[in-house]
Every structure is written in structure tokens, then in C-alpha cells.
């Protein structure tokens, strides 16, 4: 749904919820007053944007720790480079494709090169800040894909792929759901991007892993994390940044932002708890990689639901979401699908489960917007399914076409020799660690 | 007894270990080393400068075996470690005068 | 003291301090206006809550770096798992035990399962946000204990212990001081938790270390940090998060929050300076582990005082606090008490010194609430001593009972063999690092 | 320029920009209303101050990763220790030297020991918070110098040097530009410290590197980073913290803060993109160290311009700034100047380019304050050049004198033997890593 | 002269070093290795899969000593390194033809 | 053939490698080790306690060469690795019975 709408809606709720809201900006929002900057909303969105930007380096550490040391830098670069390429492209054309009025499928070019994007209010915050906040989502969504294709893809090809992907897949899909496109009109609920970000990236990742093929040694027990502490660092920073991702999606320091924040704290807590039990059940060994993974799965699952469900529902959602992702990982290793860092299991399955459960647990009394099946609105589930299917299909197909086109021009994979040597040395001319003691 | 000291590619260690186990040779000691030889190194970059990395990661596998089995062990190791590309490594055979088992304190029969 | 009270008080101060405070919410607070959400306060508390949550991963890195690499993951898991178990339990029952009206000793069950905890204002922020903010304190307090018992405790036992501890020790103690319990009524000053968090955790840690017994090799020079950079990372992130911990305890973006922020910046700076001199004096070698430790000690010491004392007093407090903790560490290693990561010296001694000095340096002209001995109110010191003693005693006794009960059911320690192997591999089936080069 | 001035100015803009600004504080600012605390501004500045403080540990990781493991802790301590010494000195006397009225060259001692620095408003935030915010700048500026002199300087000498430097160089220069000194009056534009922080530190670093001399092995290919992931962590956290550095320099949650935030996001993105191409061009190997460096260079370059230029100009500025710094690094290694971690190339060249381009891209229509050459005000460039030259000269000369005086008392460098052993063990009695496996 | 190459448990290194110093043998060279033998490995878990860690951390201690003291050195090492559990390790004795001291450049007397 | 096993200071490795290359000896295997000897260790500090670090970082360079060149190799290594300060290290010469090239599978001529 269009976040601008959320922003105002949540305010109606605020008032509806029968307590005095004092910041004039809000009172303003009720009447036909002209759009106005609300400084408190601005303060929160400045922070939220910084938090989401931090998630991309965090992802670099999360992924980087899970690969072998000879590919650690290449893997981290796959995230960092998105900050550069996708970031710049977003300002140039991505934003207008996603958030200008346009039509049901994609925005127009009215805001290309940020034309007309200045200090004036968008909702209750400066328009440029809204643009930047949305940009951080494009950056990390593209970077998420890398988890499926680490340790074997040519770097230049990767950069080309995610740059095109951000423009041709992310921007349109963001428009569908948040830019007033067809899914928004249909009433799909996706508070912070369970579908737009996670299902979307996972579909691209799945296709990329298939097109690229598996690593030479896959599946071999020697494909292990080189630094679990680095992965735990990534998980910790991701959780921290995710508060900006979810609570920031209220686009202001509103009670709904508070709700989204709280569900983002408790859902992953429940997933972590559930995952620990699943690990213990299976091997009597609760793993640290499992804990880090559980946190991400819980965060992914609560993303679409954050501002729509109650904290106790969030705990239920988080706990439930652990199971399908856990099983998906156990299944994956038995296949030849080398989705190396389980983007599909964590973001695809987790995002889908979250989007569906949003259609179950959504509570209009809280969010003032829509009820889920549990509150007598089963139709919402149908809408959710439609959104998931549409996004997954579109992303999968376009990702496939993009990779095929690129592969006509140049090989997608590194040489077998470079893969054996390790991509850090062969592609980047660096070694991650050097302990001359 | 002989010490069979093999320098192999890191990703060949598991193959070698399995090959040795097939000869029911359990004991071995493995060390991460870096090797220099005919195999060409890599060019690396750090800020202003380029430099060459000529010491490449290798793994040294040391096995002490009775004279009787030396040859088959060498064969097994070489077969398991071979890729045919420059950089496969070496196997050195050194004489061992005695071997003791610390746990039992006994000198092991040759 | 009850933080809700602080919140309003600080506002009186604000006004008292003779300058115009413009946000209507505050004006509102003066009159009998109905409780109201203040968006600026909400914006700050959203951030503060995220900052405190980040402290638990930060603690994982701080502790994780100090142990041997074969136990690094187990040590980090001891912190991370608290995010899951203590987090969920807090929402379910911990919050109501601590913050519902109840009696002098503990809250009632009126808010169990967050009943009646919604978007309505608690003070000037959404009630759920207040609940979540307090939850982050419970999570880290429980995790702090782990520092005393690393490298030898069974993981399942640890999880059981801190889960029960959070409910049976933390929640009641929080109620005494912040939930309107007897210590609040007595007027004990504990701005952000010197007693509730640090003395409390340290007492539990001391008992746990004694009951569990020392590590096989203790004391041996081979028990050294495996990654000081990881510990420095933890210290850096802890300081960062602590601003949410202390300045957030003002429960709003008030001048008192500013005061608490500034003391939280300068007290540890002074401790770091003092510690460097102590290290240099002793061995002419100012250590990095010392710097990291000093930062934590300074943060602990200023925690109870943050919103009550002036910045220059904070510098004095920080410098003074360095000495007893430093000496405590030198003494500890000469004993057989294997408080492995010095929880007692850092949090117990530091928290006590801080709580006492709060009773010395508190300045009503600033905090509008209470004076310390230095400002002619020596009685405050007596109250502080009472609070420290009561909390330490209660926490110590209940922790002892809990561990004894658990030990009736199952052994607390790992087998000697698992301890030698390292807990990462034996309990979690993982290795922290894997450099196949 | 005086930030207090910015703060109010930006508000005029806000209004000028023809949309309703609702927070009374701002309306207030227009009239002759008494100074007043604005809670939203306070909320943002609390966060901004925490963010800038985090930059110093971040710098420790950035620098620490680039040195050899035997000097990792010494290098990180060079940053951490600044938090202690420069932090405390700032409160004691640095602040008054920089921000009390005083004269054109330096402030007076009216605020020594923070006399008269309390909860009253400074601009729209509590005065102590303003003081603390400015303090975080002094801390990191001093620490920046360390990059030029790692792996060979005696620690006690370093601590003495940066302590004196902070008082005798940083404080006066801050006064010139932000304290109402002569450069402020001249109208020099330096939004967040391109000149005050980066050119200033780089000049000191250059002199220190020359006076100290090169490392024994310099230039040798064996002087390589021991942990690039640690450096990437530093770069990620620096970017995150830099939002507080630049957007915080608006001193409130204003539209100009939004502008500064957005330029701080997109300029480094463009630099990262450009740097990747430069690396690829030169060696076909885009490096991770290059990416980390590019981020810092882009952040440095946009610092003076952040609140003055448009986002698209920021992208241009970021891309342009990549080239001179990149070339500077290629030149440096061919010289005998052992500016070990390229402080001059990154901060000196980057800061200069940024300050100049500020004089080119500044857009009064946006910032309401001043135009650059591109908008018909070439004179601004002359002012910018003056400021850069004056600051570089002053910092260079005083740094030289300070080091020479110290060298009369005690040697600046460690013994050759300690240098070979590594400073961690020889000066700090520690080893960064210990993997007993 | 002989090279006495001992593979021991990591936490026994200090004991062995002290034992050698008691024999006033100062010089030794220590290497982190991983060993495979009778001692059973561990089962590890990574996401979907379980795998076995069969190479366990050991430490190799190399000492070159005159023939005369070889036996007492071996005894000392074994006594210091012994736990009695499987996994204690091995001691190998190899012949050394010459030993040079780099600093002095001289060949050392046997 | 002989195995020339040299223990040198870490910062001397490059010099030694170059010295060997000057003798057109390409093959060598390098291992990070820690050494104990006459060279005094360092005092380290951790919180309450001081302790001594007696194992210092060294690097072991192993080269297998034909008997003919043994002496010049030893000379070259010692010259390149020498600083004259205590701690320069040792060179040990061990007999090697055979050497095989894994890639070719052939035993190398002595």
C-alpha cells in the first residue's frame, strides 16, 4: 500500500484511538491544511534512513562470514557495491520509476534526475528525505540477491545485473505496492516490504542460482563459514537497522511507528527461541549460525506485518515462521540447487509466510486500516497471495531474461581456476586476512 | 619407518585423507603452509601499488609409516592429490629412526 | 525512582529552569491535561530502544573477544540467546511483574500477555514502546551474568537459569525501584540502572561463578583473549548503545535527556583517561583490553547518576570509579574466584561506586528532584546504601537458590572433556573461525 | 560559518521555501521570541551526537584493519585514547576556546570548566548538548592524524601530541569558522568541517609523518592490511556516523538537515562508483580497500558542502572528488613520504576538493545562505581558498612546533627493535589475536 | 644430532616446554597442526547438514638435540604430554646431519 | 637429496626467498611457527595479571635440494637471514631418501 497513505491514516487512527495528539502537524493532517513538515517526524525519518543504510554493510558482514575466507571480500563487495551503483541509479531514475504517479505498472519520468524533488513536504517530511529513505530499500534489496550466487560469479557481471535489476524489477514492483500501482489499489498489505523486498529479491536469487549453476565443490562439507563472529555481527547490525526499515515505514514518529518497532523487536525474539528448540531437537546442538539465521528470518517475516499486528501476534508470527524456513534449509542441501546462503529459505519462504500471516493477524482496531482472516476478513489472504505470486513471477522472469541477455555478451561465471584460487585474489587482487604473526 | 611428507593443494586434503584411510592408515598430521615453485603467483593491489603474491596456500600432510607400505602410500597420495596442473606439489620421504606413542609410552614396532 | 515520575518532573524543571519550552505536550504536562503522546519524545524513545537493544549483541562481542577461540561462539550465544528467551518472557509476564501497579515488592498480573498495553500514552510515548524499552533492559541485565561463567557452563542450563532469573530477580527488583515499589517510595536514586541492572547482575554473577566453580586451567596465563579487536568493537558499540540506555531513561527528548547524554559521554572519557594512567603506572603498558574495560566501567558508574549530576561531576565520578574496579581486578586474579570476565569488578564494584557517588553529586538545581551529600543532603547516601544492599542480597540469594534447584535436576557444568575440546564444537557443533587459506 | 547562524538561517529558508512549518519553535525563531528548546531538534541532536561519537571507534576499525596484525591494537588505541583525553580536555577548556565569544582568533575562558554551560537553550537545543556535539568533532579530528604515523610512534608521545593539538590547533580553528571568528565573518562556507576537520587534520598528519620519518620497511610490499573486513566494518560505521556529522550540523531536525543527510548519502555512493571504475581501469581489479577508501573520500568531500548543495550536485561532487584522491595515493607510494594510511590523500585532498566544490555548487535557492560560482558567485571560491590555505598553514606550523618541542624532551619514535617486534606487544603488552585452535 | 618431532595436545604445550627447560634445553620450534588418528572426531552442524570434524587441533614441537640426550628428552616429553586418553600423540625421531646457527654462521657441534 | 629446514625471523622471509631464487631454486615451503630459544621473550599484561610470552613468531622455510648444492644454499640462507642479534634462528639439514613430483608422478633425480 502507498506509504504516504499509511502515514496519514495512522494519524487518523492516532486520533481515533481516543487520546489527544498534540503536535500541530498532526492536527493539521486532519483538516484540509496544506501539507506541512513535522519536525518530529523528520527527526525520526533522518534516523530511520541512516539505520536502513547501515543494513547493507551489515548484510556484507552477515554474508561475508558465511563464505570461505578466500571469497570473503568478494562477497562483502557484492553488498557494498550496491551502495554505489544502485544508490546513484536510484536518484537518477529509479525513484521516479517507483514513486512518480505514472500508471498501474510503473511510474513516469517526471522526477528523473530528482526534478522537482526538493525540501517541500512529502507527507510530513522533506521530499528529498522520503526519496533517500526509499533509496536505501532499493540498495539492500538488490544486495540480498548476492547470497545465492557467492563464490563463483564474475564481479562485473554481478554489478551489471543488480544495476539493471534495481531499475527493471525493484522500481516497478515498488510502484505496484507503494507507488499507488495496481497492488496498492487492490489493497495488498505490505507494511515494510515482505513482498516488495524479500519475496522479490528471493525470486531473483533463485533464478540467478539456477542460471549460474552450483559451485565446483557443492555440495561438500568443506563449504563452511570462515567467521561466524562476523556473521553474528551482521545479524546484530541487521536487527538494529531493521527498526529503521520497519518502524520507519510509518514515515513518522507516530504510534504506528511504535507498534511497528515493537513487533520488530518481539517477532525475531520468538523466531530465535523457536529456532534454538528446532536445532536442539535435531542435533542437540543449538548453533550460532542458526541464531543469526533465525534473527534474519524473524525480521523478514514480520516486515510485511510490522505496523498491522499486535505484539503478541508478532510473537506467534515469529515462532511460526521459524518452521518453514528451517525445513526449507534442510531440504535445500539435499538438492543440487546451490542457493549458497539460503536466500530462498530465509527471504523467500520467510517473506511469503510473513505476507500470508499479515493477512491473518492484521487488526484494524490497531492499524486503523485493515483486518486479517483472524479478524473476520479472509478476503485479505487472497489479496496477499495475489501480490506474492505476481511479484515472484515478475521478478523471476525478468531476472532470467536479464541474465540470459548478459550471458550472450560475456560469461557469467569466473574460470574454474579463479574459483579454486578464490575470488578475492583472482578478481580483486586482495586477501581478506594476513597474519604475518 | 619413514616420514612421508606431502605438500598438496588445500582442496585436495580430504581426498588424500580418504585415500589413506582406504589403506587403513589412520594417523596423519596436517599443517597449513605456503609454497613457492614453478606455479605462477598472483598480482595483488593495495592502494597506490601492485605487488606479486608468490607464496600460495598449500597443505602439508605428514604420515609416518612402516617401510613395507611406503610405496603404496606414496602412490595413493599422488593419485589423490593430482590435478595435472602445475602446483600439485611434492612428496618427500625421510627416514624415521623411532616412533613413540605418548599415551602408552611405548616405542612402536617398525 | 519511578521513571514516569522523572519524565514529568524533568518537564517541571525544564520550565523551572526559566526558559520557554515550546512543545505543547510539555505545556500540557504542566496543566491537568489528559495524558498525550508527544511525537518528539516518541521519536527519541524509538531510537533509544533500538540503541539499548544493540547493546546485547555488543556485549556478545565484548565478552566473545575475551575468551579463547574455542569458546567464542558459546560465549556470544550466551548474550544472543537472551534476546530470544528473556525478550519473549518479558512480553508474556516480565513486564507486568515489574511495571504494573501491584504492591511494594512486585507488580500484579494485570498486564500479563500485554493485556491493556497498546498505543495509548504511557507518560508521553506509546505504552507498547515504553514496554519494549524496559524489555531491552531485562534482556541485557540477564546477559551480563554470563561473563562470570563462560567456558564451562552447559548451555541448556544457562538458558534456563537466565530465563528464571529475569522473571524472579530482575522484574521484582525493577519494580522496587522503577515500578513504584518500596525503594522508589524510599527515594532511592537510580537514573538508568546502576543498582537495578549492574549491582543486580553482578550479585547473580558472583554467586553463579562460585556455585559453578572455576575453569580447569584457572588461574593460568593461557586463559587469554582470542580477539581484542572484537572486544574493542563491543566496547565501542556498548558506549553507543548506552546513550539510549541512560539518556533514554529520561523517557523523552527533554533537557534532562540532554544532561544524561552528556554525562554518559564524559564520565567514561574520564575513566578511560584514569585507567590509562593506572596501566602505565603499573606496567608502563596501557592496554587495549584496559581501555575497553575502562569504557564499560565508566558507563556502569555513570548509569545511576546520568540525569542527576553535572558534566563536571560526571568527569570526577568517572575518574574516581576507575580505581576501585581496577584494584578489584588485580585482587580477583589472586583468588580462586573465577569470575572469568570480571563482572563483579566492572559491574558490581562500578555500579556500587556509581550509586554511592550519585548520592554525593546529585544536584537538585539541575535535576529538579534531589540533592546529594555534596549539596547538603547526606541522607541520600543512606538511602543509596540501602538500595544497593537490598538488591545485592536479594539477587544473590535467589540466584543461589535457582542454581541449586537446577543442579538437583541436571549438572550445571559441561564434562571436563567438552571443556578441553571447547564448547563451540562440543555444545554447538561449530567452529568460530575456519581459515583454509 | 557559525552554526548557530545556520540553524536560524535554515529556518528562514524553511519558511521562505513557501510551505507551512508547524513547530512553534520555528515560528518563534522568526520573531524576537526568547530562545527556546525545540524538542524535535533536541531528539535529532541527541542521536546525531551519538552517531558522531561512534565515528571514533569506527575510525579505529578502519585504520586498525589496514595495519599489520602486530600493530593492530596500537593503531586502534590511537583512536580510542582520543575519546578519553581529547574528550575530557574539551569539556575543561577546549569548548570555551572554540565557542565562547572571544575575538577573531580564539574564544576566551568565560566557559572554562563548562561554567555557564547548562540546560538553557543554545539555538534550539540544550547548551550542554551543543557542547557535547561539538566535542565529538574535536575527538575524531585529533584521531584522524594517527593514520599518518602508525606502526612507529611512541604511545605516550602520541597522546601528548594530540591532546595539545586539540587545544592549540583544533579549538582556535573551530573558532575561526564556527565560533564567530574571522573566517566566519569572511563568509567561508564549511557546513560540517571539510576545512576545520579534514584539511586541518591532514595538515597535522603530513607534518607528523615527515617529522617522524618512515617505517623501517617502507616502502615494501609487505606493509599490507591484516584484516580488510575490519576496515570495511570501519567504513560502514563511519558512513553511518557521518549522517550525524553532516546532517547534525544543521543543529536541528530541519529541512536543511534533510538536505545534508541526502547529500551525505549520495556523494559517497558516486565516489564509490567512480573509484570502482578507476580501479578496474588501472588493474581490472576493483578492490575492497578501494571501496572502503572511496566511501571515506566521498564523505570527506561532501562534508563542507552537505547543507549547501543539491543531491544531484552531490553526486557530481562525489564522482569528481574520487580522481584527485586516487591519483594522490598513486603518487604517494612513489615518494618516501610514509603517510601510512593516506590521511593526506583522503582527508587533505578530499577535504580541499570538497571545500572548493562547495564554492562552486552552493545554491542559495536551497540553502538560503550563499551561492557558489555555478550560481553566479565566483567570489565564494576565493573565500574558500583563503580558508583552506589559512587552516592548512596554521595547523602545519603549530603541529611542527609541537612535535619539535616534544622531541626535545623525549624521542618520538619507538626503538627499531620494538618496531620490528610490533607495537602491540612492545608498547601495550598485548597481542590482538590468539588462535590456540 | 636428532630432530625430535612431537605431536601433542594444545593444552599440553606449556607443560612440555617446562619439562624441556628442566633439562636445560632452551631451543624449540612449535607449530599449530591438525591431527587425525584413533581419536574420534566431532560432529558439527551447518544449517541443513551435519558433517564430521576429523582433523583435531594438535601442536607439533620440534627440538633438535645431540644424540646423547635423545632418550631423556623423549621421556620428558612423553611424561609431560601424557593424559592416558586416546589422542595424546606421537614422538618421532629423525636423523639430523648438521645444524647451523644463523647468527654466528657456525655449524653446531654434535 | 637433503631437506634444508631453516627457522628465521618473519621479516626475513622475503630476503631468503630472493636469495634462493638467485641460486635458481624455485621450490620452497614456508610455515608460520613460534620459537623458543636464547632470545628473551616479552612481558604481556591482561587485566589483573602479567605473564611472559616466550614463544616468538618465526617462520620455517623448507627446501629440498640435491646434495651438490646443499652448502651454497645454507650459506645463502644464513647470509640473507642474519641480523647478528640473538634470535636469528637455525638451519637444520636432514637426509631425504626420495622426492616425487605429484603432477608428473615421477621420482625426481637426485
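We call the chains A, B, C, D, E and F, going by the order they appear; numbering starts again at 1 in every chain.
Rule of thumb we're sticking to: contacts are C-beta pairs under 8 Å (C-beta built on N, C-alpha and C of every residue); 3 or more make two chains touch, one makes a residue touch a chain.
In this text the structure is predicted, and so the values were computed from the model without any measurement.
Visitor: Is the contact between copies subunit B and subunit E built from the same residues on both sides or from different ones, judged by whether over half of the numbers are shared?
Guide: Both copies, subunit B as well as subunit E, present different residues to each other, with under half of the numbers appearing on both sides.
Visitor: Which chain pair is joined by more contacting C-beta pairs, A-E or A-B?
Guide: Here the pair linked by more C-beta pairs in contact is A-E.
Visitor: Take the average of all CA coordinates in subunit D, do the same for subunit F, and state the distance between these two points in whole angstrom.
Guide: 46
Visitor: Rounded to a whole Å, what is the gap between the Cα centroids of subunit C and subunit D?
Guide: Once rounded, the distance between the two centres reads 32 Å.
Visitor: Round to the nearest whole Å and give the separation of the Cα centres of subunit E and subunit F.
Guide: Between these chains, centre-to-centre, one finds 18 Å.
Visitor: Touching two or more other chains, which residues of subunit C qualify?
Guide: Residues 23-25, 38-40, 43-44, 47, 222, 224-225, 227, 233, 283, 285, 287, 289, 428-431, 433, 435-437 of subunit C each touch two or more of the other chains.
Visitor: Which residues does subunit B have that touch at least 2 chains other than itself?
Guide: Within subunit B, the residues that touch at least two other chains are 31-32, 34, 43, 45-46, 50, 94-95.
Visitor: Residue numbers of subunit B touching subunit D in their complex, please.
Guide: Residues of subunit B touching subunit D: 43, 45-52.
Visitor: Note which residues of subunit D are touching subunit C in the complex, please.
Guide: 23-25, 28, 33-40, 42-44, 46-47, 49-50, 53-54, 57-58, 60-61, 64, 72-73, 76-77, 80-81, 83-85, 87-88, 91-92, 113-114, 117-121, 125-126, 128-129, 131-132, 135-136, 155-156, 159, 227, 230, 233, 424, 427-437
Visitor: Could you please specify the touching residues of subunit E with respect to subunit C in the complex?
Guide: The contact residues of subunit E facing subunit C are 9, 11, 14, 42-46, 50, 53.
Visitor: Across the complex, what residues on subunit E touch subunit F?
Guide: Its residues touching subunit F are 3, 17, 26-31, 64, 94-103, 105.
Visitor: Could you list, by residue number, the parts of subunit C that touch subunit E in their complex?
Guide: Listed in rising order, the residues of subunit C that touch subunit E are 217, 220, 222, 420-421, 425-426, 428-431.
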